[in-house]
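Note that chain A is present in both complexes that follow, paired respectively with chain B and with chain C.
Up next, the complex of A and B:
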């Protein structure tokens, strides 16, 4: 599977590494060159520096032939916009978007975007952990 | 009309001020507290502190009764989200977004933003039309009518030089509204001849542009 990941933060880098090890073709985009240092030296995928809402940058990362796209920058709005570009303009089949704001996640769920909200997931897990006697 | 504006930069400020003077009810949303305070000094109650992309803020702003929401922050992604949340959650009838990167126009349209305005594109068109030499520039799009206003300059090698307008095969759905020749402003009739370096203003459909370009031999 060919995957484009936007954002090489902790989650982006971890995800990229996992996918790479599982044998997928990975391209990671980040507008900060230092971010790529989070990737292991054995990473075989592509590192693309640039702004993930720019069509040219996405193309350089191979979005036109990508099977999947994940947006995990630290900005909800950037993730939202990039995901919609991937879905609507480049017709990527599988698009997943991280949104920290639960209300915003709710709205985009309704719109039909596949979203993951770490805020809600994290709070739930902590709630469970605190409930254990 | 009740209008909500997201983004208290210069555009937001002048827009609010203008709309208020036209008698509309306006609320400007600005997330930065220092900036919001400065704006409140000028605009009083018409400013609310909050992030316009947050549903909470839009709720507080009474988005459910807003007629229009205008997103004019400096970031396209923020403007996109403001409009989408306003429409999806609050069913605001009309969403208008400022678009800094003209390349995002198709995306915004696909995602249901009613109107997107790109200052970059508008300025580019105006500058291009001021440049010397042959050119064919889209000055403005009349979205409702599906028409474009274009300005073309007649190159010296144009095949229609010396011909009268009624001798030229113009595309269907195209009107030549105006010819500027040096200092002269001409409202053309069928008898008007075309000359080299004429600045011709045409009103036409997008589909007819290519044909007009070819007919005039324009760039």
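Up next, the complex of A and C:
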């Protein structure tokens, strides 16, 4: 499977490494070159410098032939915009978007964008952990 | 159950609301007054302004009689320090700490601090989401 990941922060880098180790073809986009240092030295995928809402940058990362796209920058708006571009313009089959704001997550879930909200998940995990005596 | 939460960001506010709704006595600490706006208007718990690694601030929030403590500021170091204070000095039975850095999480797990790492959880959730065709 060919996967394009936007954002090489902790989550992006961890995800890229996991997918690479699982044998997938991975390209990671970030506008900060230093971010790629989070990738393990064994990472065999591509590192693409640039703004992930620009079509040229997405094309350089191979979006046109990608099976999946994940948007995990620190900006909800950027993640949403890039996910919509991947889904609607480049017709990527599987698109997943990280959104921090739970309210927005509900909205985008409703319009069919697959989202993951670490805020809700984190609060739930803490609630469970605190509730066990 | 009496719970003290350090950090009224999205996760802290969501957690505080959940615990309050579940009937627990909740006190939330944040050094930024605006952060308390994230709490729902129905929130019945206490809002304590201050730095959560200061003993006086923790005491004002009722740490001495708390059953549980959660550290969810945006700073790993602050969360770790506050959790250790809650556990070792105030003998709070249940202490949970959010840590963004997966490497530190492993270290603190080893020394008995209960941690939750949204980085690892987020990457795992995305990996699962992308792997399903």
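As a working rule, the second predicted complex is superposed on the first by the 133 of 133 C-alpha atoms of A that agree within 3 Å, B and C clash if a C-alpha of one lies under 4 Å from a C-alpha of the other, contacts with A are read in each partner's own complex, and residues count from 1 in each chain.
The working rule: a residue touches a chain if its C-beta (ideal position, glycine included) is under 8 Å from a C-beta of that chain, and two chains touch if they have at least 3 such contacts.
Predicted model, so just to flag it, every value in this text is computed and none were measured.
J.: Looking at the superposed three-chain arrangement on chain A, would you call chain B and chain C a clash or a fit?
T.: By the criteria stated at the top, chain C and chain B fit after superposition, with no clash.
J.: Looking at the overlay, does A:10 come into contact with chain B only (first), chain C only (second), both, or neither?
T.: second
J.: Name the chain, either chain B or chain C, that contacts more residues of chain A.
T.: Comparing chain B with chain C, the partner touching more chain A residues is C.
J.: Rounded to the nearest 10 degrees, how wide is the angle at the Cα centre of chain A between the Cα centres of chain B and chain C?
T.: So the C-alpha centres give an angle of 110 degrees.
J.: According to the stated criteria, A:18 is in contact with first (chain B), second (chain C), both, or neither; which is it?
T.: Second partner only, chain C.
J.: Is A:107 in contact with chain B, with chain C, with both, or with neither (first, second, both, neither)?
T.: A:107 sits against chain B, while chain C stays out of touch.
J.: Just to be sure I read the superposition right, which of the two partners does A:89 touch: chain B = first, chain C = second, or both, or neither?
T.: First partner only, chain B.
J.: Could you tell me how near the closest CA atoms of chain B and chain C get once both structures are overlaid on the shared chain, in Å?
T.: 10
J.: Do any residues of chain A touch both chain B and chain C, and if so, which are they?
T.: 101.
J.: Sort out for me which residues of chain A touch chain B in the complex.
T.: 53-55, 75-78, 80-81, 84-85, 88-89, 101, 103-104, 106-108, 110-111
J.: State the interface residues of chain B toward chain A in the complex, per the touch definition above.
T.: Spelled out, the residues of chain B in touch with chain A are 53-56, 75-78, 80-81, 84-85, 88-89, 101, 103-104, 106-107, 110-111.
J.: So in the complex, the part of chain C that touches chain A is made up of which residues?
T.: Against chain A, chain C makes touches at 1, 3, 10-11, 14-15, 18-19, 22, 67-68, 70, 72, 93-94, 96, 98, 100-102, 114, 116, 118-123, 125-127, 129-133.
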